[in-house]
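Right, one structure below, let's go through it.
Order of writing sets the chain letters: A, B, C and D. Residues in each chain are counted from 1.
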């Protein structure tokens, strides 16, 4: 299940509803990415995620399909915000359910690496030093490369 | 934060309350372990987790302290059930918050590996073929060995 | 006519988030569009900038047709 | 007197989850207790079975004193 959200969501509600829809699973791994108030030594007052309707959905669907093909999952979910966000707000919620924990952990890890480098979003941080566009960190590209 | 629970808990509520108590984090990884209705080809009607009051708390505290020392976390939580559980009920909820996702992922992975092998619980599965005590799987011991 | 979107930092580099333009006769594919717009906006020529046509990413050089929606995309970063 | 708990499958092997016993004079540490009880209950002699004294796991062989709470623990498995 994939959702693009303009408004803040509650990661706890997402996890509860995902768990309720994952009967038979023995393991649910999840991840929440949140807006930080600091980035690379700069204060951050807000984060803007630009998306490109039509393409963004396709890139998220491709990431979910890749994870389903690569890991033995019973279900997965990606919830991704776009638009303007404040520090502390969730940007993304990813969860994977499986019989055993290794597949669930790996799938969430994998989906996050792909989201950081292959999901059609563009980020602009706002703060006292003015706005700046930010791209994937070198660590994100290295993480992505682990999966081949 | 560590809690031993005799009654079922809601993983979504746990995640929401953990996230609310983790200001400044950019990443929250979490894991929910649930009772499966099948185990090693046998039907499971219930799972019983025996604990040893006094020692169990100490082993959980040691696992949390190990994770805090090993990874750069802003906070972590372990919620663990004991007693009788039915299929679909959560057994354990673990979450870790950090500035960046790698530390959060690794900490949850690490804590689960330690919980599977070093937390003072003993599991008995119930089902049509009668009760049986189950111990850590070979895969759990291998996973534990990854961390040295 | 074609609509051309500029995402992320490219909208700063080009000075707008979208243009509607008549494509010159010689611009019949994504890479020749890149070369044409890239004369005024060198950021579009960076190898990391990809071109989507009608909300799809094509491997290689995509042909362009009247009415297409085209987008110049700097490296993506979600999550 | 000492209280001795048997956890997990050891309670099936011994036939009870706890005993209160007077320790014989020669049983002054955890390993001699293991040897003494192990004559009747060989499962207690398995190397993977650990012994807690007063809810703590000690490296090596722990001394025992009057009133101690002792527990025989098969391999643990939470999560």
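Going forward, contacts are C-beta pairs under 8 Å (C-beta built on N, C-alpha and C of every residue); 3 or more make two chains touch, one makes a residue touch a chain.
Since we're looking at a predicted model, the values are computed, not measured.
The chains that touch chain B as well as chain C are A.
One finds 74 Å separating the Cα centroids of chain C and chain D. Averaging Cα coordinates per chain places chain A and chain B 23 Å apart.
Look at where the CA atoms of chain A average out and do the same for chain C: the two points lie 26 Å apart. The centroid of the Cα atoms in chain A and the matching centroid in chain D are 49 Å apart. Along chain D, no residue makes contact with two or more other chains. Residues of chain B found to touch two or more other chains are 33, 112. Inter-chain contacts, as defined above, occur between A-B, A-C, B-D.
Listed in rising order, the residues of chain D touching chain B in the complex are 5, 7-9, 12, 52, 55-57, 71, 73-79.
Against chain C, in their complex, chain A makes its touches with residues 33, 49-50, 52-55, 58-59, 80, 91-92, 112, 115-124, 133-136, 140. Across the interface of their complex, chain A is touched by residues 10-17, 19, 23-38, 88, 90, 99-102, 104-105, 108-109, 112, 139, 143 of chain B.
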